[in-house]
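Everything on this sheet refers to the single structure shown next.
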């Protein structure tokens, strides 16, 4: 009871802070200087139509690299955590086999989903979407496969390789930006192309593709690790 | 030089590369990890080199080819470079240290390690607030991963608690960031300067960010999670957590502090100091080594946080201080955590196993010294500069907090060192050469850092002081046999004296004479010891070096450094005694407390000025002078063991080794006297509220003399008796100095020489006897006169000299003393000192009677004279005392002449063989001649009559027509002065001991009570965090 | 509208945190944090919202020339994406921890994890 | 400084006079005590016979070197004390060796004999000797307190530590004696005097039978004779100091004889009239009565 | 002294014992040998010329220091000597508490075997010249205890008696007369009991040991 009361009191205090923030909040009438800069210079700087994508991949590319790393890290740790418990979990009784219908349906859907994912990350610089979203979609294909056939063996190796290679490539592009263009993760190492076309915006599509692959692989890896625990 | 961002790139690249590795190639993976960390370290070191000695400009690194604030940018300045070096090197070393566990856990663990280091480097470099958040999260998650490397089951719980806290912190941070962005339209930290001043949401946002960042520095009380991690995590990782994460978090706070504006600084300071004091207090109650280190880490981080809060006030020395504390702490803590990896048990006492390896002990001592800010390590310079800086900016109360916290920290750290040196050692440490090399390398790095700080700071570099180097050279010689080292030590002392002989003024000369040649004479006794005596010579020489530096110190810094050096050396020396663990601890704590008082006093005197000469003490403004005087006098009197501050002395002197007791008693105590003399020489006698402070000193001296002597009379332990007698004698000396007249000083200076001689002599005699009899309890001895005649003669001459009975030299001191007090009008303390005078007879007689006279015991019947090397110095002293008794003018006259330059009035007149004062006269030669003449005549008469006396044995005594039962029941020695105890026993009430016991007891009690706050429940920790944030905002908000 | 979103975000945070610090079960606790995370994200995007404007994607609807007047702030959007991913990572990590704790301790009660204290 | 050997002869003469005077005076005082108890008491020359007998005992034993030297120390202390203080005021001849040192020398030389005797008694191995020493030291050191403070008061009063000068300052009539110029100091000093004379009520140190006779239990023959000799010199020497400090000193031998006798008589009278104190009682006595008196004396100046 | 014919075992504290020294060795301590001087008494013949020796003897006779040691009922008769009525002090007589300083041992009445041992000790611890006076008939022939199993009958067999004072008990006046007689003997140089004791040491010891069965001390108590 006391615990609840304390929790209440603390959260009430926090709530007061939030209330102050809420009361003091005044939506900007116009774009602030950062946003204004992006609105005005994205096209010339990066050639991307999706300003958010440009911010993510280029201006705040280091964040994104970190973000990808977070996933990589989580995947690695989850694998580590779960592997550590393997010895004592022991074999479990088999499951009911999933039905034919599911198998077929998923076999039909998986390539489509994957393709959609690829579409989303390849067009990230033009339309809403991007590497993370695309990667998540690809991972959902994986999830579908896992759900339909829990007993199926996936190639960890392939996933890991995809993950690492795309990560390395990402870092390499970043370094290339230092060598060839204005700085780390500068997207202007590749031609800017025509504004609005798929092959534009310098390295953004490439990076997004790598991110998509990597995120897909990492989500898959996490899902796989978690599902293997259930076997 | 490659861009510093490559540290991040290398880290990430290597981590991703590890993903490509096959399972089963762990060794290769580890090699890659080490290589990558090595490369990162190399880049960091390279930049440090460029920015430091190279003088390169601060490096701005932009990304995405866009200028900040529109793209993320990084910055590497000197501070960042230092932090990067520490972080990457800690990572590298930990990777090496954790090799086994990394190999076991596989490439993923290595990737996590790499990312952790990378993330910390990112925190240090980035200038973008959100990017900072990303790196923090990376660091947090990788911490969550690294915790799993531990073998400790409880690590899981600790990790989860950490994640809870991390989640809350990240929520707060995000809210703060987004509102800060909203207010400024930028995420760049450089754009947020003074943001808090905007008030409203912006200010709240800033405080949320600040609170989150500060939480990363583990402030009290929202730090339970951190302690659990320290306790449970693999020590290799704890090293990173302490040295790396802590550093990074502090840098982050430092970066963002500007945004908080002026209101934030005092809050940070307060918070830091609260953490510093509280965590140290909590550390007192710890028995688990890693948790203890955790508390210590938290405390040190808190101190640095406080320094960050005082950044404006500290001005130029800010970097020196923060850096010194940070580097010292990082190196020491990393080293200690790695060491804890070598120790199997988790209890502090389990560290005794380290003792088997002198190198590890050396490393541990180095680390502890770094943590405590002892010379010559960076923390020493930093602490000195910090205290001076704080005083300069009027933060006297802060100084007090810092010093109290530091003292508590010293308490538990040195207690731990005591455990290591003195407790039962189980098995030897199972360390591979690589691990050993790692720890040693870190320790050496600590020395290196000390050198660097000495070089770059505005003070003298202690590692360039010849005396100190000479002492340290004995560390290198420590593999030699003891006797060889002894020759070297004696040669060093004599050589040192010969080299500097000409440059001393008479005051210094007296002290130098007893320190160096005097020390050499005592060292003669050390020839008795066989084997290697590892650690003895470096400690002893350290003490001597400190003393030698002390007497020639020109600046307050030099003086204080020397003071610390001699304290450290003597602490190690005292700790060598068999049962001296608690006594050495209380010694060093009192000494450090005193040293802190001295430091504060100097800081106050100099007004925070860095370079302050001792001579400038005379120019201290009148309003400050009494306080300076009090602080300094207090500090010096801890060393002379004035009443109330004396409780460390008996144990420390009594339990020390045979040849150490005379050193610490005969020589070391004089350091305090020297300090007092210099103090009064420069400052005279300031008044406080109309009371002359020297008058207070008179009282202190008198009471010390009375109580010291009185307690000595009731000791059963011979060495304790001598120790208490030292207390009493020091009281006399203080009294003499405080008289502030010619003869008072003359007496004190005579006393410096005399006390050295007879106390050294008595300690050696008693030590020799104790060596032979195997006990120090006097009532177990008795009747040793026939077996140990030389020791007896030494004691006899010693006590005659000491009690001031003519014709030996002690009388000269008394005579001068009486003449000195004739000039003074302070009658009340005089009466007290009169009371104490005759009591000296009681304990002196008891000493010689109980040991040498009376009944010889069964088991002692075949004892031999004390070893030659122990007797030799005694005989030298005896000869000297006899010569000095006849011709005291040898030294007295020169000193008298010197004192005439200070106190021109009321000196002595040298009229042929007669010495005249204003009041009386004394002719030592006549006294000696008359006494010897009468004595010889009477003796002749007796021999004529009784030359054929039958020598009988010990039971041939009249015994009411019976015979004695056994020697034990016939030797009247125990509780020798029972009637005196009946009459005056009430004066013996151990008030000081009770008081200090109460202090330590309440500290421990407080610690034990306070730590229950850390219930171990993750949700409680969440409460702490939330509550902390709210209170912080309340305080800062209230300050708006 | 934006105030409502903001308030909802704050409310979610408080709700989530309340769950996280009062529930003993690790899984509920994690859910609580997820809710709070979501609230945070909501707050973030709300702060970046400018009334009456559109998404920061250039094209036919929003030509680059007038972008400055037509789009909302892209930065919070970028940030929130990062925050979401990081939150996901942390959640996954906590779940893995919860699983491991359950495997070794046989409990999901956080109050049983009090071996380390004082 | 040129030393004249004739001083040795003078010193011996002083010693001779004082020894004989002491032997006779103690006998007379003992006889007075006996008369008070309605006895004849000892013969006036009895002390000579006892002394002689002890000197010429035939057999003797020794317990060791310190035992052997103890009486020597003791007697040296007594003789030294006598010779370091000018016996007769204003006479170069009877100033003896007072050129060696001043009042402080005398004060500290008192302990020379005490210490030596204690050591000798200690080496005899007799536990009761040691017990006696313990009592003696306890008592003497506390009796010394009022005396030392009083002496200091006197030194302050006359602004000198030279005995001769102190006596000189008291010349010019009875009323200029310290006794009248600083009565408290003198009272305190006289209490100390009683304590150091080993007479009742402060004679538990020698308590016959209980601890046979304290420190000298084992001493006999010439050892004892030396101690006896000292017992006749030392009190006189001590009284000389008191006389010089407080009672105007003595300008001639007859005055010397009278003053010493009267002072000695004080302790004898007190001794006859009072029972014994235990040691802790006497320690307290000196602290409670002696020291405050002395302090008053000190502040009186 | 080791005596195989010992009838009573030695007291435990006098048995030789093994002791461990502080440095770890084991040594044997034989209390009787290690703690007591074993030397035999010497004869101290008068060494000075007659006239000097006479003078000394006169001094000795005029300074009789009695050991305050009462062995039997006669001790009660000695106390009045200190009182004003008899006032023995005027004859140079006084009591000393320690045998070291006394030179006259008064055996005041009957002497039990147990006390004999103490008397012997005390006598031997006195310094020569020393004198023994037997008080009352018991010291002469056993007196009324002539057939007691527990008293000695003839003091002279065990200690060299210089003078007997007969009576049962002798009055203090008799004692004073006895002292006068003793003084005469001393002045005549005939009170050489100590030397006689040393000369006939073996005989004395034989007789002493014949009655003292638990002889647990060295032959001569210095």
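Lettered A, B, C, D and E in written order, each chain numbered from 1.
Just so it is clear, contacts are C-beta pairs under 8 Å (C-beta built on N, C-alpha and C of every residue); 3 or more make two chains touch, one makes a residue touch a chain.
Bear in mind the structure is a predicted one, so any value in this text is a computation, not a measurement.
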Touch graph components, with chain C removed from consideration: one piece
Both-way neighbours, i.e. chains that touch chain D and touch chain C: B
Shared interface partners, meaning chains that touch chain C and chain E: B
Most central chain, Cα average position: B
Taking each chain's C-alpha mean as its centre, the one farthest from chain A: E
Interface ranked first by C-beta contact pairs: B-D
Chain separated most widely from chain B, comparing mean CA positions: E
Distance from the mean Cα position of chain B to that of chain A, given in whole angstrom: 54
Intercentroid distance (Cα basis), chain E paired with chain B, Å: 70
Whole-Å separation of chain centres (CA-atom averages), chain A against chain D: 106
Cα-centroid distance, chain A relative to chain C, in whole angstrom: 15
Per-residue overlap in chain E, given as positions that touch at least 2 other chains: 42, 98, 100, 222
Residues within chain A bordering two or more other chains: 3, 7, 10-11, 14, 18, 21, 25, 28, 32, 34-35, 38, 60, 63, 66-67, 70, 73-74, 77, 81, 84
Residues of chain C engaged with two or more neighbouring chains: 13, 17, 21-22, 47, 75, 79, 82, 86, 89-90, 93, 97, 100, 104
Arrangement of touching chains [line / ring / star / complete / other]: other
Those chain pairs that satisfy the touch definition: A-B, A-C, B-C, B-D, B-E, D-E
Residues of chain B defined as touching chain A within the complex: 3, 5-6, 8-9, 12-13, 15-20, 22, 61-66, 69-72, 105-106, 108-109, 111-112, 115, 118-119, 122, 126, 128, 130-131, 134-135, 137-138, 141-142, 144-145, 148, 175, 179, 181-182, 184-187, 200-201, 204-205, 208, 1019, 1023, 1026-1027, 1029-1030, 1033
Residues of chain E that touch chain B when the two form their complex: 13, 17, 19-23, 25, 27, 29, 31, 34-37, 39, 42, 69, 98-100, 118-119, 121-122, 125, 217, 221-222
Chain E to chain D touching residues, read off their complex: 41-42, 44, 56, 59-60, 62-63, 65, 68, 83-84, 87, 89-90, 92, 96-98, 100-101, 103, 127-129, 194, 222
In the complex with chain B, residue positions of chain D that touch it: 1, 3, 55-56, 59-66, 68-69, 71-73, 75-76, 79-80, 83-84, 97, 99-105, 108-109, 111-112, 114-115, 118-119, 122-128, 130-131, 133-135, 137-138, 140-142, 144-145, 148-149, 152, 155-156, 159-162, 212, 217-218, 221-223, 225-226, 278-281, 283-284, 287, 291, 294-295, 298-299
Complex contacts: residues of chain B adjacent to chain C: 130, 134, 137, 140-141, 144-145, 148, 153-154, 156-161, 163-164, 166-168, 170-171, 174-175, 177-179, 181-182, 187, 224, 227-228, 231-232, 285, 1011-1012, 1014-1019, 1022-1023, 1026
